[in-house]
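The structure that follows is given in the form of structure tokens.
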Amino acid sequence: MSGAVSGKSAAIEVLAVEKRFGNVGIIRDLNLSVAQGERHAIIGPNGAGKSTTFNLISGHIKPTSGEVKLNGEVISGLQPFEINRRGLSRSFQVTNVFARMSVWENVRCAVLWATGHRYAFWKNVDSLPEVRERTAKILDDIHLTHRRDVPAGLLTYAEQRELEIGITIASGATVVMLDEPTAGMSNAETERAVALIRRLTEGKTLVIVEHDMSVVFGLADRISVLVYGHIIASGTPEEIRRDPKVKEAYLGEEAH
Amino acid sequence: MMRKLTLAIAVIAPMLGQAASAEDTIKIGYIDPLSGGGASVGEGGLKTFQYLAEEMNAKGGILGKKIEIVGLDNKTNPQESLVQAQKAIDSGVRFITQGNGSSVAAALSDFVTKNNTRNPGKEVLYFNYAAVDPSLTNDKCSYWHFRWDAGSDIKMEALTNYMKDTPSIKKVYLINQDYSFGQSVRTDARKMLGAKRPDIQIVGDELHPLLKVTDFSPYIAKIKASGADSVVTGNWGQDIALLLKAAADAGLKVNWYTYYAGGAGGPTAIKQTGLDHQVFQITEGFANSGNQAAMDFEKAFRAKVGISLWYPRAVNEMRMFKAAAEKANSVDPVKVAAALEDLKFEVLDGGQGLMRKDDHQFFQPIYISSFGKLAANEPFDEENTGWGWHMVSKVDTAQAMVSTTCKMARP
Amino acid sequence: MTAKVTPTSTSASNAPGKPAGDGLRFYGVWLLGIAALIVLPMLFSSGGSLTSFSLIGIAIVFALSYNILLGQTGLLSFGHAVHYGLGGFAACHMMNAVVAHKWPIPLPFIPLFGGLGGLVFAIIIGWVMTKRAGTVFAMISLGIGELVASSSLILRSVFGGESGVTTDRTALPKMFGWSFGPQLQVYYLIAFWLVLSAIAMYALTRTPLGRISNAVRDNPERVQFIGYDPHVVRYLAFCFAGFFAGVAGGLAAINFEIANSAYLGAIQSGLVLFSTFIGGTAYFFGPILGAILVTYLQLGLTSVTSVWQLYFGIIFIGIVMFSPGGIAGLLMMHRPLVRAGTLRTVILSYLVAVVPTVALACGVILAIETVARFSGGETINLFGIGFKPQSPVTWIVALVLLVGGGFVARLSWGRIAEAWDRAATVARDRGYLA
Amino acid sequence: MLELIVISTLNGVLFGMLLFLLSSGLTVIFSMMGVLNFAHASFYMLGAFFGFQLTKWIGFWPALVLAPLLVGAIGMAVERYGLRNTHKHGHVAELLLTFGLAFAIEEIVSMIWGKSPVDYRVPALLDFPAFTIFSTNYPAYKLFMLAVSIVIFIALLIVLKRTRVGLIVQAALTHPHMVGHLGHNVGRVFMAVFGVGSALAGLAGVIAGPALVTQSDMAAALGPILFVVIVFGGLGSLPGAFIASLVIGLVQTFAVALDGSLASAFGPLDPSAGPSVLTDIWNVTIAQVAPIVPYLLLVIILIVRPMGLMGTRES
Amino acid sequence: MLEVRDLHAYYGKSHILQGVDLDVAAGEVVSLLGRNGVGRSTTVKAIMGEVAPQGTIRFKGKDIVGLPSYKIARLGLGYVPEHRDIFPSLTVRQNLLLGVKDTRRPGKWRLQDMLDMFPNLAARADTAAGVLSGGEKQMLTTCRTLMGDPDLIMIDEPTEGLAPLIVQQVGDLIARIAQAGVAILLVEQKLSIALRISKRVYIMGHGRVVFEGTPDELKANAAVRQEWLEV
């Protein structure tokens, strides 16, 4: 249904993936291809399996069958941290920050692996200049510099969502997946978040799950529509807007 | 200013050592469990010593000095014992006494020895009234350690001397706790029985973990399967109570030769199981020993303290301490220690005892008694069960002597 | 493990970019601590005090090592004493070996071998243990604790049965002419290692690994998506905790000159859990406070009352219910107020509450002691006033204190809560409280 | 040999059922509330002492009913005034609360009843050998214990699976809010569950008290093994606890019956090597280590299958 | 029957509901529409007391703010949550029986009626509810709540993730409930059912009610649909 985009090599390829929980098939014959540098949105009604798709790609759950490739390399079956180390980073729909740690620490932790400090127990984390600079830059990018010493659990909801994005992009991954980054935000906050995402994912591959259509149409180069664990349509925003199947899936009525 | 501050902190801080109190009292540090699992035993011992101290004080104390027993809770933990010993020494204690747990005894003996070499002039004596591990008077012996209880090897010597003359014993089963004391019971029994009654068959030799068994039925099943007619066990505490209970439940009919069936809860358990005169105990004395002085003491003791005298050896210890101090005409530990060596002493239950110089082990007559319905001339029951100990055999001091490997380092 | 949000966390307090004054204060606190360690034995020189201080020092190292697990990494262990004990045995055997083979290793180096003892076991057993956190880890640690404690009685050649392994610390080669016979020298040895270990463990919290441990504690799932394997993080933290527990065990072995199965047991594991939790796991100094308090109570309460365990239980329950952040959490709650300058209102309400609360506490103590001593009939000595447990006067006093104190105390606590709300609101407005 | 096998099996089953009696309440509480109740063994001890005291005053049979009720009431109070307030701080705090409680209860018991074992006897009605196999008696009281365990197992299964209250409890396990939305008072359900769990521990105490030693340290002695049972069986699974009790009872009993050691299997080690860890391990008999075998089983099963034998979730 | 005035609710510090007003009269079917994340589910949760509400909520004239949810339920307010919280280990029959609040006072919906109404459920009455399909689960939860004899039932997104045919069936069920005289507050994303059975509709946006009217009014108002509902 969604063949590889010609011209560019695919950053993410999902090939005939299936996921069953017991007898229930959540994802059926899922095929998806996201080109390098593309901003790709996955939409679909509640319960269609969008988050499951995210979890399958990021290694959170393992597919029952099929394959997931990242930059041509098979990653299905790898642990999440192994996938992350190969350059894929994701956020979570439910805010998933390190609640008892400060904003600064949250972002810094996400920077550590990518800067090569790994499990080091002989370095003072405060005196690593490149870590500090990168963390400061990201904090600046997500507009949380003034909140740097506040425990993440005490941030406002919107701030936590922004921090979530910050953590996700902190590692410098080339493929970024955001799961409903603006859910629960006010209009103004949403606008700010969209601008933020656009800026931070410049030159990267972005996969986003989103309900807010203004966000989707504002951000995405291509859109895939997921219904019942299956992609029913894939194309540019205009193509999707016109697709009658999409309208039916969303509004439960024939287009009129 | 600093002094005041120090004082203030010292007042609010009970642990920071009290100043040594008046010199006219002799403080004896009683280090045994006063809380936790072993507390029932420890409290009984404390009451015994306190009773003895009162009795002596009423008669003028030792060389005119009053005796004070300082109870120190060691929670049956060797490290805690050392802390308590240190505290006691700080508060002017020069004599400590302890009995429960060979591990504690080993630690204390070692501690006292080191303390005395490192702090000359501040020597401390350690009176052991119940820890029976033979190593304490053999390879680990110390000049500063004196033991009034018979070592487990001595008790076994006495027991096997009795068994030697009891032809009905043919098949013996050994069941013991898996630690040094239990193991010494087991090895001594094998060795001594082998030497004295080679015809006796050891049909089983069991070690089980210390105080961890909740159900002894499997062990009873094994004993039964082995066809044993007698069981020898050093078990104490719940390990003897549960063992006897399981035996009674299963209807096992054997004779039990024990070290500690008379400990707290033991008599109750035996009465519950109905093993009438089938449980034997090896002790240095018991309530119905027939010795008038001992029985008078027992009566007075029970009236005052409310428990039976588990530790006739505590009486011997305190009285002998007094005798030694008077002999040395001093309560200086070094002089008392010297006076105690080879001191002969008439023990509570009658007969001559001897504190052997070679290993500081006290030798005394040993009794084998059985627990059951009381005869007319036996006034004392145990734990209000209506049953009591009955004399089976008395082994004289000479027959209860064992050799020692102790190479004592003398000051 | 449920993530609990505390007003300020370890991490927040030492983020870089703090004003220079903070840095000075930071080193000042450490120097003050070291000075106190040096001066203490000059103020209290009796053998008993020195022993107490030594034990407290050991307990602090042990509790800090436990907090690497509980506070830093979120692992609840019921068997931490295993490393402590093995460290103790390793140290004892090393000391004996040094003496036997005349190796030129003086006593001050011995705790290192204790640490290695704890570490080696952690390395061997840790990988499978730290596969999972939460209840599974807690239960495995319980099982391992029991297994090792039991094995220590079976493997006699290593553990010396229940009488343990003894050693003589004075027989080792001398250093600076110190024999380490006197307790004072041992105290300074322990103090030295305490400072060393505390600095090392504090430094550990400021390394990448330390920070990632916090992240694993807060959210092990998310950690995987920033490139880390939480299993490896837990394993490394476990090894460090094992090492420092081993150091503590080695110090204990030097202090007591004996290592035995009591080092390894459930009681020891429980005590360190008590200390750490009562002190507070969210701050580095929490376990230090806890270790001091618990060791002090353990040494002090036993000589005052026979039912010390009950007081222990009550204190512990009180902390769990009313201040799950421990003493440190309780203290640090006030920091934003101090900064905002609104502490006064709260302090005043505390002063009001002190009297009825103390009365209530006295009532509780009197009631407990009356019951505990009823059969024995020993007099209860409360602030120099003697109470006879059998006398109805005692019961009435206890009852009045309990009910009256309890009633008034509740009222005054209500006022504290109000004062808190006021102070906190102001602090929040001024931006000192998030 | 046959004799030993038969008797060991019987003993194993009897002991296993005693373990189940003790751990059923713990399982019920864990499965419903996710609380690992460290004070469970303390409630068991309270049951034994209440049973002892009430037996003295009003006889064994009334005590058998009354003592568990008392313990249950205490359990409910603990839930209502302790655990419920602690719940928001997470399971660790709840667990630690019960940990402290265990400390306090032990001391209270020894304050009231002293530290020595009390004379708590098997009721006269059941104090006779029920049957004899290979000349080994089986006392009626043990069979009574066996019967009670099985009755409790079946009763709990029925209550949980068949009755309305059981349904509410089961539903509240996964969806407490939903149960509230259907008009059921979940708080009271949890309080009742904790009460029932504690009462079961109390019942176990009343019954096991005369068979074992009733003493103030009995809780500490039995506590850890109960955790082994419920973790081994699978946290929260009643059938799991039942099977685990049996397995551990049998394993422990048969381990005692076996005298085997590595030395007896492969011959003694060269004695010239001297004492070492190896000789210790070589010479230790299975019987010697029997009581620690359960802990070994625990560790192994948690490593291999963290949810336990029949469990469905890890924590 | 249900009166909500100036309802506010917060998740942590985020202000989710910013003054919601709505009414449901006895026997009336009302739909609450809007996109995801605008606060529709939070509104019903706040009414049930699952989210701490501020403002006024009256049910049958009684103020229910601050009551525990089981008491609210006992007043006759039924709630079918978004995620169809069936009790998976219990059988279908047991699930239904748990809906009954008081066994001594049978309500107007009986177990047999339910099973008769839904042959699918009847066929699986004694299997564990966990294996049901999404549509069957929706039927089950709705029926379960009905067993408690509510006077007003709030159903949150009943058609979520359901195939069109099943959506139809769910619509029928809701219509049948309405016929029986039970008031309904339907939270929906799909317009079809809502427009078919509602008497009035509310549309929410950004934590407020932004439109109130009849289905016909909504159909006529393309601007509102475009801004607040459509893709």
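Order of writing sets the chain letters: A, B, C, D and E. Residues in each chain are counted from 1.
Rule of thumb we're sticking to: contacts are C-beta pairs under 8 Å (C-beta built on N, C-alpha and C of every residue); 3 or more make two chains touch, one makes a residue touch a chain.
Keep in mind the model is a prediction, meaning the values are calculated, not measured.
So if I look at the partners of chain B and the partners of chain C, which chains show up in both lists?
Neighbours common to chain B and chain C are D.
If you walk from chain to touching chain, how few steps can bring you from chain C to chain D?
Steps on the shortest route: 1.
Which contact partners do chain A and chain D have in common?
C, E
Could you pull out the chain whose C-alpha mean position is farthest off from that of chain C?
Here the answer is chain E, farthest from chain C.
Computing the C-alpha centre of each chain, which chain sits at the greatest distance from chain D?
So the farthest one, by centre of C-alpha atoms, is A.
If you average the Cα atoms of chain B and of chain E to get two centres, how far apart are those centres in Å?
Chain B and chain E have C-alpha centres separated by 77 Å.
Hey, how far is the Cα centre of chain D from the one of chain E, in Å?
Averaging C-alpha atoms per chain gives centres 45 Å apart.
Could you tell me the distance, in whole angstrom, between the mean C-alpha positions of chain C and chain E?
Once rounded, the distance between the two centres reads 52 Å.
Averaging over Cα atoms per chain, report the distance between chain A and chain B in Å.
That pair's centroid distance is 74 Å.
Touching at least two other chains at once: which residues of chain D meet that condition?
110, 114, 288-289, 291-292
Counting only residues that touch at least 2 other chains, which ones in chain C make the list?
Expected reply: 4, 150, 154, 307, 309.
Among the residues of chain A, which ones contact at least 2 other chains?
Counting only residues that touch two or more other chains, chain A contributes 155.
Identify every two-chain combination in which the chains touch.
A-C, A-E, B-C, B-D, C-D, D-E
Inside the complex, what are the residues of chain C that reach chain B?
43-44, 46-49, 51-52, 55, 150, 153-154, 161-164, 166, 168, 170, 181-183, 252, 256-258, 260-263, 267, 296, 299-300, 302-304, 306-309
Within the complex, which stretch of chain A touches chain E?
Per the touch definition, chain A meets chain E at residues 22-23, 45-48, 155-158, 183-187, 211-213, 228, 241, 246-248, 250-253.
Considering the complex alone, what residue numbers of chain C touch chain D?
Interface residues on the chain C side: 1-2, 4, 76, 128, 131-132, 134-136, 138-140, 142-144, 146-147, 150-151, 154-158, 266, 270, 273, 277, 307, 309-310, 312-314, 316-317, 320-321, 324, 368, 371-372, 375.
Chain A touches which residues of chain E in the complex?
Listed in rising order, the residues of chain E that touch chain A are 11-14, 16, 35-37, 131, 134, 157, 159-161, 163-164, 167, 189-193, 206, 229-231.
Show which residues of chain B lie in contact with chain D when the two form their complex.
Against chain D, chain B makes touches at 36-37, 39-40, 43, 178, 206-209, 211-215, 217-222, 224-225, 238, 241-242, 245, 249-252, 264-265, 268-269, 272, 383.
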